[in-house]
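Letters A, B, C and D mark the chains in the order given here, with residues in each chain numbered from 1 onward.
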Amino acid sequence: MDTYLEFRGIGKSFPGVQALDDISFTVSGGRVCAILGENGAGKSTLLKILSGDIQPGAGGVYINGAEQRFTSPYQAIRSGISVIYQERQLIPAMNVMENIFLGDIPAGRAGFVDRAELRGRTQEIIDSFGLPIHPLELVGRLPVAYQQMVEIMKAYRRNSKIIAFDEPTASLTDSEISILFELIGKLRNDGKIVLYVSHRLSEIFQITDEIVVLKDGRFVKTLETRETDEQELITAMVGRDIGDTYSGLKRNDRYGETLLEVSHLETAAVHDISFELKSGEILGLSGLVGAGRTEVVRAIFGADAIISGEIKLEGKPVHFKKPGDAIAAGIALCPEDRKEQGLVLLRSIRDNITAPVLDKVRKGLFLDKKAEDEVAGDAIKKYSIKTPSSDKPVLELSGGNQQKVILGRWTSSKMVTKVLILDEPTKGIDVGTKAEVYRIVCDFARDGIGVIFISSELTEVINVADRIIVMRNGRITGEVRREEASEESVLALAMSE
Amino acid sequence: MKRSLAVLLSALLCMSAVSCAGGNPGESPPPSVSSGGSPTAEAPPSGGEPSAPPDASTPAAATPAEPTATGSVVGRYADKSVDYFSREPYEFVYMVNGMLVIHQLLGEALADWGGRVNYNYSEYDSGSDMNAFLTTMETYATQGYDGFFVDPDVTVAQRTAELAEDLGIPIFPVLVPMRDNDGKLITPGLHLDSIMVGGLQTQWLIDNYTNYWGDVDPAEIGYLFLYASFNKNLVDNMVGARDKFQETWPDTFEKNYYDGDCLALGVSIEAGFDYTSSIFTANPDVKYWFVSSCLEDYGQGAARAAEDLNMEDRVLILSNGANTLIPDWQGGYDGCWVAALHYANEIFTEPIACGLVALADGRAKPEDLWPEYKQPGEKYALYVVPTVIITKDTYQDYLQYVEDFVSGLD
Amino acid sequence: MKEGSKFLKSKMFALLVLLLLIVVFFTIASKGTFFSLVNARNILNAIVIVALLTVGAGALMISGQIDLSTGASGTMCGILMAILLVNGWPWPVAVVVALAAGGFVGAINALLINELHFQGFIATMAMASVTQGLSYALGGAASIPVDNKVVVYMGTGRIADVVPVSIIAALLIFFVYGIMLNKTKFGRSIYLVGGNPAAASLVGIDPKRISYILFINSGVLGSLAGCLFAARLKSATTTGIVSSQFAGMTAAILGGVSFGGGSGGMFGAFVGLLILNSFSNGMTLIKISPYWQTFASGALLLFALALDFSGAKKKN
Amino acid sequence: MENMSAAKRLLRSKLFSLAAVTAVVVLIFYLIRRSYLGVDNIRGILNSMSLSGTIGVGMACLLIGGGVDLAAGAEGCFGGVMVALLISKAGAPWPVALVAVILIGAAIGAFNAFLINVLNFMGFIATIGVSSMLQGIINIITKARNISISDRGFWSIGTVAVANLFTLPFMIMAALVVVYGIILSRTRFGRTVYMCGGNRRAARLSGLNPKKISTILYINCGALASLGGAILAARMHSGSPKAVLGSELDAITAAVLGGVSFMGGAGNMGGCFIGLLLLCSFNNGLISVKLASYWTIVAQGVLLIAALIADYFNVRARARELKAAGA
């Protein structure tokens, strides 16, 4: 009887949010099980528990019926578990073979590294993957796709019983994806357990045997891949028919004059970007991770340097050398990574909301506390942020509430916003709040504000944006109006050369 | 609240540990407001640096010169008329700005004198923070001290004297006389002409090198004086030695004299070692070497450097102070560290202890003490302490002389 | 002026109780002399120099930076002022030039850290070594007398023979910086930069500008401390306030300034300063050996870090 | 295989440029004074490397692993004082005293590791606190006085030399450099030190225990600093409360000159040795050319800044190379 993996009553809560709540399911050997769920459904938290990076608040992980107590990743690896994270865990300054054998380098007598064996076994693995990588090459010098493959080879080398992939195909080309799927097939035939976390439905139907659906940290159901279809999955994932999340949106039918014109924008990461944004229009910006969408908006916002190209705001050419200028001119950027780029976790909700408008809440030299509280209060009411007072440090809020704080910051009563740029605004938010966000975005559009809406959720960008620009590898590969847009057509543009 | 209770508990623990350390105020030297240890130790403490008082009258002979018996005995141990034990013991504290080994040893001698002239002795080191020195002096005044032995930063002597006057408590300088900004004495003190001392060190080497090397051409003798240029007294010590060397052998001075400013290496034995070995190896053509220093540590470092380069047969070292050299001699050391300009601490501190007791008794006012030592145009006396340059052969009888002096025989 | 969450309040309470405890403990141990008017004056005297360094270090630490060069550069500026005065420069010009020199050292620190990506503590330690050398070059062995009436009064003058003039300046500076940190846009941006520099730059705050300003400010305050010290002693020496920056840092951390920025204020730093100085002064009174005091100052720094322990832990 | 030789070229270029700078410095001092390259002077330079070298080895390993120990100077001083006390006061035979002192240094290192890895203190602030605590203890047990050592056997550590060029302290330090160089580059433990320094989170997620490794490195740094102090006490025939303090800055300067980066994960022992050689020849040269000594202090600060600037441009050049290749 080959191995079987069982999660029993797994629970985990972070300050202010219940990330996982009573999750139980079993996966037996020789099967590929997909873990499907919206952003913030608890997928990566579950993987962190499996890998021993964090400890479960309740319940436990069982292999062949025996409970596993992991206090560190080392123990998880020892009991045959390998997790390949989305953000690569590699050391760029060291070579390929040392990265692949990171953690247990083959050593001869007295702990000396057996370089010959290290190199030999590395070459074996590389050949079995058929990749043109040299064992002594510095990992930092490899293209991003190969770095991801090194990460996968690292897990393969351990020939663990259980291997989990977290969004592995995000930055792989088609040929590399087929190599990965071949490998997963091989692992399945060897009787191993493969967990495959992704929200690319096409991939899930291609290689997985069963699908576990999570929503808001709770277990929904397990489905056999053969017996289900996209619609049923999405409904299970979203918890109600997606139809009504978008249907209620009151669209803007006539647009004002051109608000923002970008022509032939050239930066270190993006090339020859040109598009227009009219006041009242919601422009979707879609594409795979790493397509350069964030880099475009950061360039416009003055956060990254512009090599050449022209930006016009309300017809007048502008060049923002730093974000402060863009904000003054009425451009707001809601950054993609909430914790790293958006929030000052130790400070209160009020401090975070009023941060960009401190000039407007001043009485002479000093900040006016009453005015600040007012601005914060409006935002809290507008986005119904669950908090006893605006003094609570943002650290103690849930992911969804944190995102609302940032939205509140950029759309506060004191912000004079002409162009609102939202980068993955609904990432890690529960579905209920998402609908609210879409409604607010449309309200802004109706007030004449131009919105640039970046999202990797195809269904979302198709249903919210009036017009969608698709990017790949730093270039615009196409433009689709909402009427003729479909997931397949946008994905096709996102994938094409 | 639970956490703040934990904080308070640990605070209690921390303070009880510190207080038990303070439990024995008697012998452990009183505290200073030191501002935290600094990892960079290049800043050697300033303050009165050791340089022994010269014997003004006669060039230092091998045998110790007799203290001049003429002149008043008020404020001296020789004054047998005083009954020191008819009163409660005074409370004296020795306040130093940056305690060094030399202050440590003088402190012990002052403590011994406390037993003979009836005062309780304690110490205070302000760790080169004169801000703390002055505030602590005010604090002690409130605690009822009867007198202060002081070694403030030389440049703050005037401020210290003024403060003592305000507080109405007699003070007496120990290592360095207290002068105001224009160089006039503001209290009686001991004569510490560092320049004169430097001259004596060089003079001894010049007078005695033939006993060790025979008849050697002076042009072949290099002279390295080790000092640290962060303190005026040390610099004067060097200037005295250098000028005497130039005065005696002017024509070869330029070529043979080597400046030994160890400031960058700090005040330690290894600083003396590294500096001396660099100079010796950088000048192999120099056949013979005089090495002199204003600090004992530098002398010890130079001795180790000479041994390391096995040049002992052509190096003569004379340091200022012999506190570690005497035990070495007793342990059989017979190396090139041949002599030291030395004064027994007991002899050096006698006039200070008895002087301060006289002031505290009110038997004399500062300007009355030792009129025979008043220089023209000075308000206060500047007592000259006999020093001697001792060698391996003469140090026993010097120790015996000190023994007799302290027991009040002569 | 409430300083944010409950967490800080409970810590401020613990600090004030700790201060009270120290006062009571040393009053008993020193049979009353600790709690006398004269001794209070001594504590205030000792506070002035460290207070200036605490304000400079505290503001920098809130923005997530550290400056270990203020002691050495302050000493150098004290000597510089003395030399200018001796050469007949009018005192306002001499003081301003000395403060400018301190600011210049601060600017170099900021340049090394912001443009050349040095780590804060190693860059400022290197500058400490450089300024220490320059102190010796400028000052040499002989210390330079300071006898300009006005400057000396700043250092030694007292009102009603109890309250030193310089302490008023120190208290004023604490008050002004406290208001600035809590009440002004610039102060708020220091907290935001300290909490998350990347996020701060995306809301229009320039972390580099803040860093330059705060390092120059730390240099100027260090210089002021050096000049005041020279004025108080009526002479500038090469040892001056060479290792006082550690006391400033300890006081700031003790007062709740969490390293890595984002929290702590000037009121907390002032209480930390009172704790530090009454602790040292108390030890002086009950005659604890100076060597035990060096030990205690190190222990106090670790104890201060323990207090901040919860702050540091929460972040990583 | 163009990439492989590129990596070699990169490594060589940094060591090469450092060796070239050292050669230039030595040449300049040689031109000023012929005797600079005399046997005795070289012996002096090598001997003066032994103290900050022994401390430097422990410090470099720690820096590569992403830590720092500003109490190393105080640990060295404590080692010297304790060995003197054990020999002169407690009458212990000197080999026993030497081993005991190394263990004491290790214990202090363990305390540092506890503060930094368990209580999560910032490395450099915690060790500043420990440094002043140690200096307090040192002065308490010695009453600020040198403790002389009269055990001639122990003195021999300072006097034994091979070919009148390599003193025993230098050879001990050189042996440590070679041994630790091999450990770092050739053994599994060595590679894990680089990994923890390079990317602490990746190391942890790959099954390593960065806290355990950091603890070992702090213990090792304490032990070696203590050994350095004890050897100095042997050379000077006395343990002094003022010895060794401040030489942790020399150790850091030598390590940074040798290519160890403060971000952790870079640098090797060979580089540190050459960095140390440059530092000591520079200091020795300044003394012999009678340069006023406060300029030496300024020069030491400037040298450290120059080393850090070189490290900055090097890191930036390597990063640009990585980005160009990776895109």
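Criterion: a residue touches a chain if its C-beta (ideal position, glycine included) is under 8 Å from a C-beta of that chain, and two chains touch if they have at least 3 such contacts.
This structure is a prediction, so every number in the text was calculated from the model and none was measured.
Between chain A and chain B, the least number of touch steps comes to 2. For the interfaces A-C and B-C, the C-beta contact count is higher for B-C.
Taking each chain's centre as the mean of its C-alpha atoms, chain A lies 44 Å from chain C.
Centre-to-centre spacing of chain B and chain D amounts to 35 Å, using the average Cα coordinate of each chain. Centre-to-centre separation of chain C and chain D, using mean CA positions: 31 Å. The set of chain D residues touching two or more other chains comprises 128, 131-136, 144, 249, 292-294, 296-297, 300.
Across the assembly, chain A contributes no residue that touches 2 or more other chains.
For chain C, the set of residues touching two or more other chains reads 125, 128-129, 132-133, 136, 246, 289-290, 292-294, 296-299, 301, 306. Screening every pair of chains for touch gives A-C, A-D, B-C, B-D, C-D. The part of chain D that touches chain C in the complex is made up of residues 115, 119-122, 124-126, 128-140, 144, 249, 252, 256, 262, 292-302, 304-305, 308-309, 312, 315.
Listed in rising order, the residues of chain A touching chain D in the complex are 51, 53, 72-74, 77-78, 83, 85, 89-95, 98, 102-105, 107, 110-113, 134, 136-138, 140-144, 147, 154. Of all residues in chain C, those touching chain B in their complex are 10-11, 13-14, 17-18, 21-22, 25, 29, 33, 36, 38-39, 41-42, 45-46, 49-50, 71-72, 125, 128-129, 132-133, 136, 140-143, 145, 147, 229, 232-235, 237-239, 241-244, 246-247, 250, 277, 280-281, 283-290, 292-294, 296-301, 303, 306-307, 310.
Per the touch definition, chain D reaches chain B in the complex via residues 33, 35-36, 38, 40-41, 43-44, 47-48, 51, 70-71, 73-74, 128, 131-136, 143-146, 148, 150, 158-159, 167, 232, 235-238, 240, 242-246, 248-249, 283-284, 286-288, 290, 292-294, 296-297, 300. Only residues 112, 116-119, 121-123, 125-130, 132-134, 136-137, 246, 249, 253, 259-260, 289-299, 301-302, 305-306, 309, 312-313, 316 of chain C touch chain D when the two sit together in their complex.
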